[in-house]
Every structure is written in C-alpha cells, then in structure tokens.
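In the two complexes below, chain A is the common chain; its partner is chain B in one and chain C in the other.
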Partner chain A sequence: MAKRITKHQNFELPNLGEEISFTFNGKRIKAFAGDSITSALIASGSTLLSRSFKYHRPRGAYDVFGQGHESLVMVNHEPNMLADRIQVQNGMVVKSQNVWPSVEFDLGEVNDLIVPMLPNGFYYKMFHKPKWLWPIAEHQIRKVAGLGKIDVAGTHVHRRYEKHYRFPDVCVVGGGPSGLAAAKGALDEGKQVLLIDDNPQLGGHSLHSIFPVNNCENKSLNGIPENQAVQKLIKELAQNPNLEVMVNTSVFGLYEDNLVAAQSGPDLFKIRAESVVLAPGATDRHLVFENNDRPGILTARGVEKLIMCHAVLPGEDTVVVTTHDGGFHTALLLKGAGANVVAVVDGRESGSAGEFEEQVRNLAVPVYKGLTVHAAHGKKRIKRIDIGPISGGDSHKSFDCDLLVMAVGFKPQVNLLSMGRKRPEWDSERQILRVTDLPSGMYSTGEVHGSAGFARLFSEGIKTGKAAAKKKSVESSKRSEDELIMALPADIESGGKNHFICKCMDVTRFEAQASIEEGYDQVESLKRYSSMGMGPCQGKACHEAVARLAAKDTGLSSLDAVPTTMRPPFSGVSFGVLAGRAPHLSPIRRTPLHQCHIDLGVKFLDAGQWKRPDSYIDPQIEVGYVRNGLGMIDVSTLGKIEISGPDAIDFLQFMLPGKYGKFEVGRTRYSIMVGEDGILFEDGTISHLEQGKYYLTTTTGNQDAINSLFQWWLLVEDFDVQVKNLSLANAAVNVTGAESREFLQKLVKIDLSNEAFPYMHCRQTSISGVPVSFYRIGFTGELGYEIHFPAEYGESMWNHLMTEGEGFALNPFGVETQRILRLEKGHLIPGTDSDALSSPYETGVGFAIKDDKADFVGKAFLQDFKKRGIENKLVPYQLEPDDPIPDDGVAVLEKGKIAGRVTSSRLSPTLKRGIGLAWIRNEMAETGNNFTIRLANGSDVVATVLDHSAYDPEGLRLKS
Partner chain B sequence: MSFQLNCPNCGKRAVSEFTFKSEFKNRPSPEAEFSEWTDYVYFRENNMGRQIEWWYHRSGCQSWFLAERDTLNNSDHKSFWYGDLGQHSKKSDGEA
Partner chain C sequence: MLKTSPLSGIYRNHSVKLTEVSGWQIAENFGNQERESEHLKNDSVLIDWSHIGKISLSGGDAPKAAEQVFKGTSKLEPLKTLAKQDMAVLCLTRNDYLILCQPGMETKLLEIIDPKITTVTDQTGSQGCIVLGGPRRDEVLLRSTAVDLRRDKVVAGSVLQSSIHTVSMTLYRTKNLDIMLHPRNLSESLYDALMDVGIGLGLVPGGIATVPVSFEEGK
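Presenting the complex of A and B:
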C-alpha cells in the first residue's frame, strides 16, 4: 500500500505545508498544501485516476509529470486538467472523466473483454457499409469515447482569459540544471533572461537526485548531492534583477522568428526572444510488455518525485526494472523511504556496476541481470510480475509486488526542438532520438541530447547560454561515457495482445503489427490507421516507442527509426486561452457621444470595432419619429477626410469615378469609389467647403482603409495634395425629419431655407459658439442636415441639441432604425448589398461614373463593364402586406433554380410590408415584375420589383 | 506566419501589425491594352524566393513602405521607402 512517510534515511523531507482537504469523485481526501492532486490521491490509497479511451481499462498515476493521459480529470467543473500538475486547494472538487457509472466500476470496461472484436481500423471497417449505420454507430461510440464534459452553459466556470507579451533577450525553456545553467550563462553576459518551467518549482529532475556532484566547473557545488546543488544555483540566480522566472507555465509552441507561446492558467504568453534556449530534458522511456498499462506501474522519476517532493511512497513491495545506474538510485531512495525492494531487474547482461548498484547490492537486494519484465498481473492494481529474457520465450521468475518502477533509459523531449520543422533522427551512440539542426536563434542543451551528470549539464548549459547571449553557434564537445545516458531499451522482442504502445488511444503492439501486415508500414500511415499518438498526449509519451518498435516490426534497423511529425501544441491548450482578449490589437472604439447614448438607455451594436447605437426603444417606432417629425442619429463613426493643396481637384478626379470640373464652393456631391478592378467598394459624399478645401465622408467600415489608400496613391502618383484624416477629430450627427429646418434655424445664424441652402449643399456656421459644418444630404429620405463639429464638444453638443429639441419632439434613433429608413428609400450599403463581384453599373450607381475623363482609378475595367452590359442587377422590391419577412441573404428562385439573392430585408413600418434589395438576373429586373424568394423555412414568397424606392420615389420630401 | 518585419520608421515588429498589399508592380500606362490591365490587377508572380512587396504599418506609424523578402523562409528581408526604390534596385543588381 501507498503511504505518507515521515522520514528518509538519505535526505531531509520537504515541509508539506498545512493540512487541507478536497473531494475526488465525491470522497473527501486529506492532503497537504504542497501536494499535487496525484500525490494526495496516491497518499490516500486511491489507485485509479481514470479509465482508458477505448477499452476503459483502469489507469493510475504513471509519470507524475502530466505527460500522458492518465491524470486527466475534471477540476471544479473544468475538463481535461492534469492532476499531476495541479496543486490541491482546500475544497477543490475533482472528478474522473469518461467513466460510467464510476471509475471503480465502469461498464465501458466490457470493451476490454471484446478486444478481439475491436481490431485495428475497426471503425473504418465495421461501419463503412451500409451507409445508414454510421450516424447511429457514431452516436453510441461518442457516448463511450471522448473526454471530459465542457460546462457549455458557463454555470460553473467563469474565467477571464488574457494575452501577455514578453520580449526578453534570451528565453530559456526548462528550469532543470541545464536550463538554470543556460540562464546563468546568458545573465553573466548581461542579458535579460526569461526562464520558463511547467512545474511548480525550478530544479527539474535534480530536485529528486542524491547523486553527488563531481568535477563541476562551479567549485562550490562539488561534493554535495544534486538536489542541494540545484537549490544553491536557484538561490544564486534569484538575486539577479535581469531574470524573470515563470513556473507552472507550459511552452506549447515555437514559431518563426523565435516566437514562444506559453500558457499559464488562463493566461497566454507570446514571447519574442532574440535567442531561445531549449532545455526540456528527458523523461523515462516507455516499456512495452503484457499489461504494461496497469495501475501500480510508475516511472522512476515519477516515484522519485513522489518521495522527495511529496513524502509519498507509492507502494510497498517494489520491483525496479532498469538498464542504467539511475534505476539503482531509485531503488536506494525507495529503500531509504522504507519500501521493501523485492528485486532490481537489470536488462544489461554485463558491465561494471555503478556507484548506486554497489550500494543496492550492499543492502542485500537481489539483482537480476540480462532480464526484463514480461508481464504484469492484477487489474486495478498490479499484484505480481513475471520477468524473463529480453528475447522473449518463457518467463524465469515471478514476484509478488504492488509497485513496478520503470527506469529503462530516457526519452528526450525533442518535441519543441522539432515542431514540424526538423525531424528527429536516431543516434545509435546515445540510443536516443535527437534533433541536431535547429533554426538560427535557437539553441538546445542538456538531457535532450542525452547528456548526463550535473557537472556536464552545468558546463554545457553555461556554454549554450553564453552562445545564445552572443548569438553565436555552440561548438560541440566530446562527451565521455559517464556524461551520456546511454541506456538501451529493454522491451521484450515478441509482441502481445496487451502490450500497450500508445496508452492514450489503447493501441497495442499486436495491433501495430497487424496494421503493418495490412500494408501500413510507413510510420505516418501507421499512425493514422492505428491512431497511435493521436490521443490527448499527442505522442509525447509514446512517440519514441512507436518509432523504435515500428522500425523493428517493419524489419528496419534502429537507425531508421523515425517518429511522426511533431507539431504544436506540445501540451494541451484551453480554447479560452487561444480566444482570449487582445484589447490593444482590436480596441473597443466608442464615439464621443457614447455616454449620451448610455444615459438614454441605448442598446449597442458592434460595427467592426465600434460601439454604435442599435436603437433606443424599438427601431420600428423610431422610424416613425423620423417620418413624422424629427430624429437625430450619431454618425461620428463616418470617415472624414479633408483634402487640400494645389492638386486637390486633380487628385479627386483621379481617385473618384465622378467628374468634378464644375464643383463650386458650397456644393456637396454623392460619390462612389471603385478599385483598379472597377468593383464598387465604397460610397460617401464629397463637399467643397472652402476654396480648394474638400471634405470627404466615408462609411464607418472603410474609415481607416480609405485614409491608407489615399496615402498610398499620394506616394506613387505625383500630386501636390494634403490629406488630413479628421475621422476622430470630428463628431457628427444627422438631424432629420420634416421639422429639422425649423428646429435648427433657431440655433444658427445662416439661412436654412430651401432657396438659400438647397439639397446637396454645405455650409459652415456655429452653434452656441462651436464651429460646425452642415451638409444637406438625405440617407433617410427626409429633409435632413448632417452636422459635423469638433469631437471635444461631442457630449455637450448632443445634450444641447436634445434640450433645444424638446419643443419639437426630437428623438434619438439608432443604426438599425437608419437601416430601415434607407431601405425604404432603396439606398444600398456597399459591402452589405454589394460584394467583390459587383460592378457599379449592375449595382445601380452607374450614374456616379463619368468615364469620358482622363486616367482615373478603375477606368479600364469600368469601360469594360460598360461594354459587357448588365447581367445581374441590384433592385429594390416590396412584398404584399402580411407576407413574412425573409432573412437577409436568402435565395431568389426562378423555375426552381437559384437566380439571385436578397441582400437586405426589413419590415417597413411606414409601408406596413416587407421591403428590401435583391440581386436578380437582368431579364427579371423590369419594374413591376414578380420574382420568388425562398424563405429559410422552405416556403416561398413573391416580391415585386420597384422602379426607384418604396417610399417617396420622387424625392419630394428630401428636396422640400 | 509569425515573423518580424522591419518598419523603416519603427524598427522590427511582429508581422501581425502590418498589412500586406501586394507584390511591387508598376501601374500600366493609361493607354495600355486591356489585357495589360487584367494582368496588373489579377496576376501574381508568386515568386519562390526574393521579391519586393508593398507593406503598410497598420498598427504602428501607418506608413507605406517596400520590403524585399524571401517568400520561402522570410529570412533576411530589407525594408525601405518607395522613394529609395531606385537606390535599392541598384544595390541589389550590384550584389547579383
């Protein structure tokens, strides 16, 4: 049984902190503040953490570093959290996932009994035909497979995800001895260093090592055990103000130009470093044998961590299987914690005994040479293991035990070094997969290259850190034998039914071999067919075993062992983290009148980055305000560009398709804009405010784009023109309705009469001393004045107008109201009613083009459009009263075939029927023609093509 | 695409701050054949290797500039103002 220990023979146990408790599957578990969920569960005697994905086999703690899938649990309603990584908190609610009814008694386990019926490629083969079976089967499969449940409704989980940025000189990934040394090397060169580790503490595996440090170039570290040496190093570095340390932070991706992506809880860090040093280290190699997935089988480094960081002994009767002296180190730690080490099984036939092997032998622990584990027995916890020769055959011996420790060499964490760019290769000298060639600016050091021993890791780390600081290459140096890990794998050579290679997806060596038989003998196709390495750990735990065993089973030499491509993310990333806010990249933009709208109880609408008033009461009612009296809308989001200079008019002639030869001061013109491709993308007004000074308004969405477009043209064409972007400098409102003249005349000194200030003219004046410009235009179809004024007067001007308008039934209206108003007038909105294929002629704004002038933007294509004639046309239409209102975007049909689409559709409160704009084929577009609109619910409605607009077609109200 | 681009004003910034316009091309003369215009508007060289491109520092100084970039690996690009195009071309020819 597992238990908490209070003393250890070889070292001082850590302070575990205060006593707390949490629940696991409803059961109260006692723990200490310093525990991870896993360590607390093991200490409490819980063996089962989860069930496997496919066969629902019981799974327990394995590597205790959160590499594999075993420790995935729900924590406080959040799915797929790694119990190995999460520090317990008082009152935490932890649950198993993918189990029914419970992790102890899971009915899905029946899958395990029918394994022979679930061969590899089962889903492909079984449900391929008949076709109707798949949806039913899929439903059942999804019920038993899959991971935790997401709290979709958000009733339990409230989190705010943020993005952060860092720009260190050197970013060191991995806080073990190599990473610490690399950080020191770079700090010694005077650089700013960011050191990241995914564990709660720095120190890496050295925290659990009592190997004495010898021959270290830092003399003060010699003679003490590694766990003390690393603490000393951490303490020294902590003094340096140029170092930032991030723990509990996992680097999940490395991208072009040294962009490091890391997650820490709800925070995403985007780190751009001059140099990146990767020191991710290595983890214990996976060992493949019968029932190698049973609870009670743990990795050596996991066991060492449990003992030395959590004072937890994960079992009593222990067998250690190893191929290097490190396994004896683990055996010694177990022994010192009071475990009964039944045997150490050493895969090596011969060779001189290492320092720890000697000590273990002196303690009279039996050591078996040249053997490995053949099988484990016991279901929810191992009870017994069989050992025998690596070549297979009969087992030699059995031991009763409840803990099997695997120390069969290391698997460097090459994922971050590879990341889809460089494929690891097998290094037969070091017996590991290595990535030796990194993109420039990236460095790597330590166990990831098979280096071993504190002194070696330290000197290599310092050297790499210094090189990274200077952006120079590192010269490789020869390693002596004891500076390399050099441990051979020890999997038995024959495959078997329950020899799990990939534990996440429950793929056995037997299945892998069968897939190879079927012809999937390339590692990439083997992976896709068998789904090895496609589970939650994404091959972190198994890629090395897959590469080695696939090479062996396809008859290749170990030199040809290649893993499948390693891509980001290296560790699981929450969707929230990826979707998190980046307010500085996409700010929320508010108009100068924002607070006025809030005070009026507005409902806001998101228009790009802008918050605009959607409506204040109800758009249908607000339309009535404008049609029957007086309304006011905030149009501050319009783009406003002032153009002046000697060539201003030539520039406008060039940029816009209209003609401006006789454009007098005080006039305002409607204008469209097209690209060089002749496609309509924008409309607005252009006014001649003062001699040589023009004022252009653009739609909200194109505010920035048009300014930048003008800047570009001024760069490449020779115009002596100043373009001033006043979009944010000016606020603007549109006061519209039959009473607008009478109302505004009270406030200004200029004459607003129709004779003195006709439609499509502009004037400059002042209201209460504030300079304003008036534009008499009519998007709403009523008499109206667009008033522009300095943004700093925004609120006071709005409030002033509202107060002065009290005698006139002045009401504010929003953007949705305006959309209905303009649709009643048949006005289009480019981008809403037009798209990237819309010629202005087909869109019905050909009147704004005068192509008989000299060179201008889009001339060649506009002339071609004109030549080609009109195929499709944007037309206003109306429905019969009481007809249902189509959704925007639904299809127009002719003889059952699609012949167009509706772009805007609304109920007109003025005309009491549906109105809209639709693209239809030209031959259907004659005034009075009927066409069919197919509604989203499948029924049809008949629309009638209108000549001009549904409301006031003559424009009498507008020009009154 | 996570590389950094050099803005002649602001220096090295993440590419996400910029807007790419197009490969650098000269606008046809107003008298050009229509086919020349369609080539100009719709055809791209899509060079594998170095090419000169228009970029706009949208989230920065809002300047237009040209950058010579290796489309294969984004390495070793050079940014310069449009006005310095002649000087840049001369230098590049010299190197070749």
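Presenting the complex of A and C:
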C-alpha cells in the first residue's frame, strides 16, 4: 500500500508546503502544495490514473516524469494534461479520460476480451463489405478512439496563447547535471545562456540521487551526495545575470539554423540560438514481459523521485528488477522509506558489486543474480511477479508484491538529436541507441550518450558548454567499463500474449509478429500498420524496444535495429499554441476611409487582407442609387503607380500591349497587361497627367506585383524612368450616376462639361484646398468620375463629399453592388473572369493590343495566340426573367457534356433577370445563341449569348 | 480639411484628447497623461507619430539628394542614420534613403531636393509611424518578431528593414525609442498586435504630449 512518509533514514525529506485539496473523479484528495497530481494520487492510495487506448486496460503511474501516456488526465476541463508534471492546486478538478462509467469499472474493458479474438489489424480488414457498413463502423471507431474531449465552445477553458522570441548565444536543453554544467561552461565564456527544462525544478535525476560525488573537477562538489551537489550548482548558476532559466518548458522541435521551438503552458517560444546544447538525459528502459503494463510497475527513477521529492512511498512489498548498481540505490531508498524490499533481481550473472549493492546486501535483502522478471499478476494492481532466466522460458520463482521497480538500464532521449535528420544507431559497446553526428552549431552531452557518474557528466558538460560558446568542436564522450549497463533482451520471452511493446497504442509483441508475418517487415511499415509508436508519447517510451524487436523478428542483428524517423513534435503541442492569436498572423488592411464605412453601418467583405465595403444596405437597392441618381464607392485599394522621366513613354510602350505614341496630356486609356507568356493578368487605366508624367491604376490584388514587375524590368532594361508606387499615398473614390457631374461641379473650379472634360480624360484640380485628380471612366456603365487624393485626407474628403452630396441623394455603395453594375455592363475582372490560360483575344480585350509596334512584353506569344485563332470565348449572357441565378463557377453544357463555365453570375435589378459572363466554345458564342447552364442543384437553365453588355450597349450613358 | 491618422479608428475607442499639428489631427494623450508618463518611466508606451514627415529618396543619385537636406548623410553606411532635433536621415541601402522630419517640414524639404537626380516620394500619408518607448519595450518586441533585436546587436542609431507581427517595416532605433514606419493600411493591425502582446508588460497607448516628436538622440 502506498503512503506518505515523514522521515527517511538516508536523507532529509523536503518541505512539501501547505496542505491543500483537489478532486479526482469527484473524490476529494488531500495533498501538499509541493505535490504533482501523480504524487498526490499515489499518496492517497489511488492506483488507477487512466485506461489504455485500445483495450481499456487499467493503467497507473509508470515513469512519473510525464514521458508516457499513463498520466494523461483532464484538468479543469482541459484534456490530455500530464498528471506527472502538473503541480496540484487547491480546488483543482482532475478527471480520468475515455472511461465509462468510471476508471475503476470501465465498460470499455470488454475490448480486452474481444479484440484479441479479432484478426490482427482488424480495422483494415473488416467492415468493408457491404459498402454501407464502413462509414458506420468508421464513425464508431473514431468515436471510441481519441483521448479526452476538447472544450470547443470555450465554456470552461479560456486560454490566452502567447508567442515569445529569444535570442541567446547558447541554448541548453535539459537542466540535469550535464545541462547545468554545459550552461556553466558557456557562462564562464561570457555568453548569454538560456537553460530550458521540462520539469518544475532544475537538477534532473540528480535531485533524487544519494550517490556520493567523487573526483569532480569542481572540488567543492566532491564528498557530498548528488542531490546536494546539484542544488549547490543550481544556486551558483542562479547568481549569473547572463543566465535565463525556463522550467516547465518543453522543447518540442529543433529546426534549421538552430531554431528551437518550446512551449510553456499556452506560450510558444521560438528560440534562435548561436549554439544549441542538447542534454535531454535518459529514462529508465522499457522492458517487455507478460503484463508489463499493470499498475504497480514503476520505473526506478520514478520511485526515487516520489520518495525524495514528494515523500511518497509508492508500495509496501517491493521487488526491484535491475541490471546495474542504480537498482540497488533505489532499493536502499525504498528500504530507508520503510518499504519491505522482498527481493532485488539482478540480470547480471557476475561482476563486482557496486557501492549500493553492498549496502543492500548488508540489510539482508535477498538478491537474485542472472535472473529477471517474467510476468506480473494482478489486474488493477500487481499482486505477484514471476522471475526466471533472462532468455525467457520457465519461471523459477514468484514473489508476492504490490510494487515492481524497473531498473534495467537507461534509454537515451535521442529524439531531439534526431529530429528527422539522422536516425539513431545501435552502439554495441554502450548497448544503447545513439546519435553522434549533429549539424553545425548543435552539441550534445550527458546521459544521452550513455549512463555515467556525476563527475563525468559535469566535466563533459563543461567542455561541451565551452565548445558551444566558442563554436568549436568537442571531443566525443567516453564511458568507462564500470559505467556500461548491459541491455536485457527487449522482450523477456516467457510465454503469454500480453507483452506490450507500445503501451500507448496497446500493441503487443504477438501483434507485431503477426504483422511481420503479413509482410510488414520493415520498421516503418510495421509502425504504420500496427500503430506502434504513434500514440501520445510518440515513441519516447518504446522506440528502442520497437527497433530491437523489429530487427529480431525480421532476422536482423542488433546493429540493424533502427527506430522509425523521429520528427517534431517531441512532446504534445496544442494547436492553439502553434496558431497563436489572430492579430499576430492575419493583419487586416484598412483603407483610409475605413472608419467612414463603419459609421455608415457597412457590411465588410474580405478581399485578400483588405476589408472592403461589401454593401451598406442591400446591393440590389444600391444598384438603383447609381442607375437612377448618384452613388459613391471607396476604390482606395486600387494600385496607383506614377511613371515619369525622359523614357516614360518608351517604358509604357514596352510594358503594355497598347500604343501610346499619340497619348496626349489629359487623356485616359483603358489598358491591359499580359505576362511574357501573353496571358492576360491585369487591366486598368493609364492617364497622361502632365507632360511626361503618367498615372497607372491596377486592380487591388496586383498592385504590389505590378510595381515589382516594373522595378524588375527597370533593372534589366535601360530606361531612364522614375516609378513611384502611390498605392498607399492616395485614397480614391468613384462618384458615379447621372447626377455626378452636376454634384461635383459645385465642388471644383474646372469645367466638368462633356465638351471640356469628355469620357476617358483626366484633370487635376482641388476640393476645399486638397489637391485631387479626376479620371472620367465608366466601370459602372454610368457617367462617373474617379477622384484620387492624398490618403491622409481620406476621412475628411469622404465626409465632405457625403455632406455636400446630401442635396443630390448621394449614397455609398459597396463592392458587391459594383460587381452587379459592371456585370450589367459586361466588364470582366481579370483573375475572376480569366485564369492562367486566358488569351486576351479569347477574353474579348484584343482591341487593347497593338502588335504592329516594336517589341513589348508578351508580343511573341500574343502573335501566336492571334494566329491560333479563337477556341473558347468569354461572352456576356442573360437569362429569362424569373430563371434561377446560377452560382459562380458552375458548368456550361453542350449535349450533356461540359463545354465551358460561368465565371460571374448575378441577378440584375435593372434588367430584372440573371446576367453573367461565361467561357464557352467559340462555335457556341454567336450572338443570340442559347446554351445550357447546369445549376448546383442539378437542374438546368438556358442562357442567351449577348453581343455587347446587357445594359446600355451603346455606352450612351457613360459618355453623356 | 484635416489629415487623419491611420489610427483614428483606435482613437474612437479611447478617451483621446486630440490636437492639431500641421493640419493633422493627432492624439495629444489617451485620457490620462500622468499615467502615460508613469508607464514611459517604468513600463512601456506606444505613441502614434503618423503625422511626422517622411520622404523617400530612391535610385539615381540619392546620396547627393540626401546631402541637400542634411550635410554628411551622403557618407552614411547602409543601415546607419544621422539625426538632429527636427530631422533624421536613414540610409536604407547605398542608394535609398528615408528622411523623417517634424510634421509639416516635409513641404519645405521637398522644395530643397532636386527631383531630377533621384526619385523623391512624399511618404507622409502612405506610412504609419508607431513608436515604442519605456524600459519594457524590449519585452514587447521580444514577443513581436523573430528578428534578433537585442540592444548589443541593433544599437541606437541603427535602422533595419524588418517584420514585426508579419508587418514589413522600417525600424529606426534611438536610445530611448523604437520607431516603426510601416504601410498605413496595416497600422491598426500592428497597433492591435502590439497592444495584445503588451498586456502584462505595462504597455499603454500614449499621445505626443507624453513623447513629443524629436529625433535628437540618435546614438
């Protein structure tokens, strides 16, 4: 029976702080402030923390460091929290996950009986016939799979995800003795050091070690136990102002150029370091044997931590299974805490006894050599274990016990050293998987290269820290013979079918062998088929066992034992941490008139990053404002580029397919742009403002691209031209409608009459002292003036125009309204009505190309397009009144086959019928022809091809 | 007509006291100047300097044009600056300069610079300008950019083209301020993101009465 201890024979117990309480599955648990959830639960006698993923087998604490899945619980409505790492708080609500009705009695445990009777990988093979069965089965499988339940609605969980950046000279990952020494080494070189550890306290395994420190190069640490030495070292480092320490912080990924990704609670840290030292240490090796997943089986370092850091004795009658003196160290700590150590089972046949073995033997604890554990018995808690030869076979002896301590060597935490770059390799001498070849600027030290004493870890850590600070190479780690720990066979083959290789995913050796027999005989395919190593711990616990057993069962030597690729994330990361918060990643572009639109109760439209007015009331009504009176739209998002200089006209001739030789001051022209491939990608207007000064407008989406394109051509061609991107410097509105002239004439001194300022002309003037330029163009199909002015006057100008326009019933309209207006007029929008294959001739803008001029961008391809002729054509069309309106993008059919597509489609409030633009085959494109549009609901509607626009085909209104 | 800051939408959410400077309507304070001064002393403050004059010189003989307004600037190395009380000249590349000046002063400077020798663009209205002041402003920046802006790396008097909260900008660092010049249309987003990370770091918005426009402390 587990219990809290109040004294220990070998060291002074820590102060656990004030007494508090929390609930676990509704039951009140007493704890101390210094407890983790796991330690408090064990102390209270709670054996079961969770149930396994597939078979719902009972699971209790195992390694106590949060490496495995066993301690995943729901804390205050947040799922998948590691009970091993979370410090208890008064009033905390902790629950087991995926159990029903309770963790003690879980109906899901029926899987433990049924699933073994099903064929291996049954979910790949069953439920596929009849066809309708799989969706149902998949739904059910998905329902029972997964761990925990996220509070999607955010009813209980309110998290603020923060993103931080750090730029240390040296980043040390791991705060055990090696990491601390590495930090010291780098600090001694005067570097800024960031030291990260995923536990609440620095010190690593030394915090719970009473091994005496000897022969350490830091003389002041000699002669005292490791737990005191490491505390002394921590105190010394804490005084250094160049050190930043982050505890409770998990490094989950390492990327190019020493980018270290770490999370601490809801905070993401992106750390870019000059050098990175990895000192992740090692954990107790995972041994596979019959019922190796039962509650009551704990790792040696886990038990030591419970005793020394939390004053908890996790069991009464104890058996320690070991292969090194560390197991005897644990046995001594258990004995000192008052446990009945029934036996120490040492897999080693011979060899000199270590310091702690002698002490344990002196306490009359029975020691069995050359043997190991064969099987555990008991369901919700072990009651008995069998021991026998390490080669398996028959068991020799059984012991009644409630705690089995596993001290069968250490498994280096190589994941961070590997991270998709290099797979670990089996080191036959050290009997571990290692990664020795790291990218430049990355270093490793400590138990990740094999178990060693404090003095060696310290000295190698110091050397590595100094090398990292100087960016020099460091000599490879060394281990003496007495530091090497033999590796037991990964599976003790003693019979039975419950030898769990991967406890997260409930995969047994039996299943792995069956998968290999089915042909999945490569470690990668075996992993994918059986799902070994794909659970919450991502192979941290089992990758070594998986590699070794896969090698063995496929007839390979231990040297060929290669684990599957280890990739980030090394530890669980929530999507919230990765995503952060919206303002940081999705900037919103606002026009200078943004606030004015808000004041008018606008509905915004997202156009890329821009917020544009979609409409203020109903677009169908807004169309009426423009057609019958006066409307105004914010067109500030247009690209605006000023081109001037001696070669300006030559540059335009080269960049644009039109002719500009006779382009007089005060004129405006429609222009298209094509790429070097002749494909249409842009249209806009170009105006000759002053002698030698031109003003080009582009669509919203292309403003930066066109400016960059101009700048690029100016680098490669010899034009004496100045190009100014005024897209942000100028705001713009389009005032349009039959009354626009009369309205604007009141505000400016220039003559706006049709004779003085005709269609497709431009003028410069001022409104209330603000310099403005007027462009008489007609995207809406009505008389209209585009007015450009300095952006800083945006709000004032809009408000001024709205106020002055009151007598004319001036109304604002939005982009959706403009789309209807332009469609009534049959105007295309490049990118919406054209795509990356659209020839300008087929799109209907061939009139803007003058290919009889000297070389210009896209000329060769345009001539080729012209020769090829028209295959498909973009045409305006209309529907019959009351016909349903097709969605944008639906198909055009000819004899039941797809013959084109609709690019834009709207209901025209002016014409009271559907109108649009569609790509159809040229043979179908004759004016008056009918073609079929297939609606999204599967029904058809007949459209008629129009010659020109549906509204004012002669353009009388806009030229009036 | 008044010129409005790109942060005018933000002003509406605060009890801002507005003032008029060279035709600009700009925040004198955000309702409590004493508090802003306290934060400037102990924590961090975000100030809207959008109204300062900004002129870019690009291509041609930009160094010669820069020299026309501020002697010595033609010899500036890229990413270095020269400043006096009413003006700072930032050398972005060997042939690109950005001139910052007191509000309204840009009109006079535009008359001095010969537009025939370089492309001169008045960026006053197209660029927003947010300034961070106070001892904890480094912490705000540490949560805002993946660029190493440690003070021993980017010293006072430096200028760099960088990205903060994914907004591309020109960052000019003086001894006591970090001046961020950025596209006007992203001003409000940048403000939101900075204030968002500034929670817990004592970041408050402030007006020009708390940090008046001055470029004097260049180094």
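Note that in this section the second predicted complex is superposed on the first by the 877 of 960 C-alpha atoms of A that agree within 3 Å, B and C clash if a C-alpha of one lies under 4 Å from a C-alpha of the other, contacts with A are read in each partner's own complex, and residues count from 1 in each chain.
In the analysis below, a contact is a pair of C-beta atoms (placed from the backbone, for glycine too) under 8 Å apart; a residue touches a chain by one contact, two chains touch by 3 or more.
Being a predicted model, the structure only gives us computed values, none of them experimental.
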{"item": "First, second, both or neither for A:588, with chain B first and chain C second", "value": "second"}
{"item": "First (chain B), second (chain C), both or neither touched by A:790", "value": "second"}
{"item": "Which superposed partner A:426 touches (first chain B, second chain C, both, neither)", "value": "neither"}
{"item": "First (chain B), second (chain C), both or neither touched by A:769", "value": "second"}
{"item": "Partner chain in contact with A:328 - chain B first, chain C second, else both or neither", "value": "neither"}
{"item": "First (chain B), second (chain C), both or neither touched by A:399", "value": "neither"}
{"item": "Touching partner for A:860 - first (chain B), second (chain C), both, neither", "value": "first"}
{"item": "Chain B versus chain C as contact partner of A:167, first or second or both or neither", "value": "second"}
{"item": "Chain C versus chain B, contacts on chain A by residue", "value": "C"}
{"item": "First (chain B), second (chain C), both or neither touched by A:722", "value": "second"}
{"item": "On chain A, positions contacted by chain B and by chain C", "value": "272, 585"}
{"item": "Chain A - residues contacting chain C, complex", "value": "162-167, 270, 272, 581, 583-585, 587-592, 594-595, 598, 610, 722-724, 726-729, 768-770, 790-797, 800"}
{"item": "Chain B - residues contacting chain A, complex", "value": "1-4, 14, 16, 19, 21, 27, 30, 32, 34, 37, 40-42, 54, 56, 58-59, 62-64, 74, 82"}
{"item": "Of all residues in chain A, those that touch chain B in their complex", "value": "255-257, 259, 272, 585, 676-677, 704, 707-708, 711-712, 715-716, 854-855, 859-861, 864"}
{"item": "Chain C residues within the chain A interface of the complex", "value": "1-4, 6, 8-9, 12, 24, 59-60, 119, 121-127, 142-146, 148, 150, 153, 165-167, 183-190, 192-193, 196-197"}
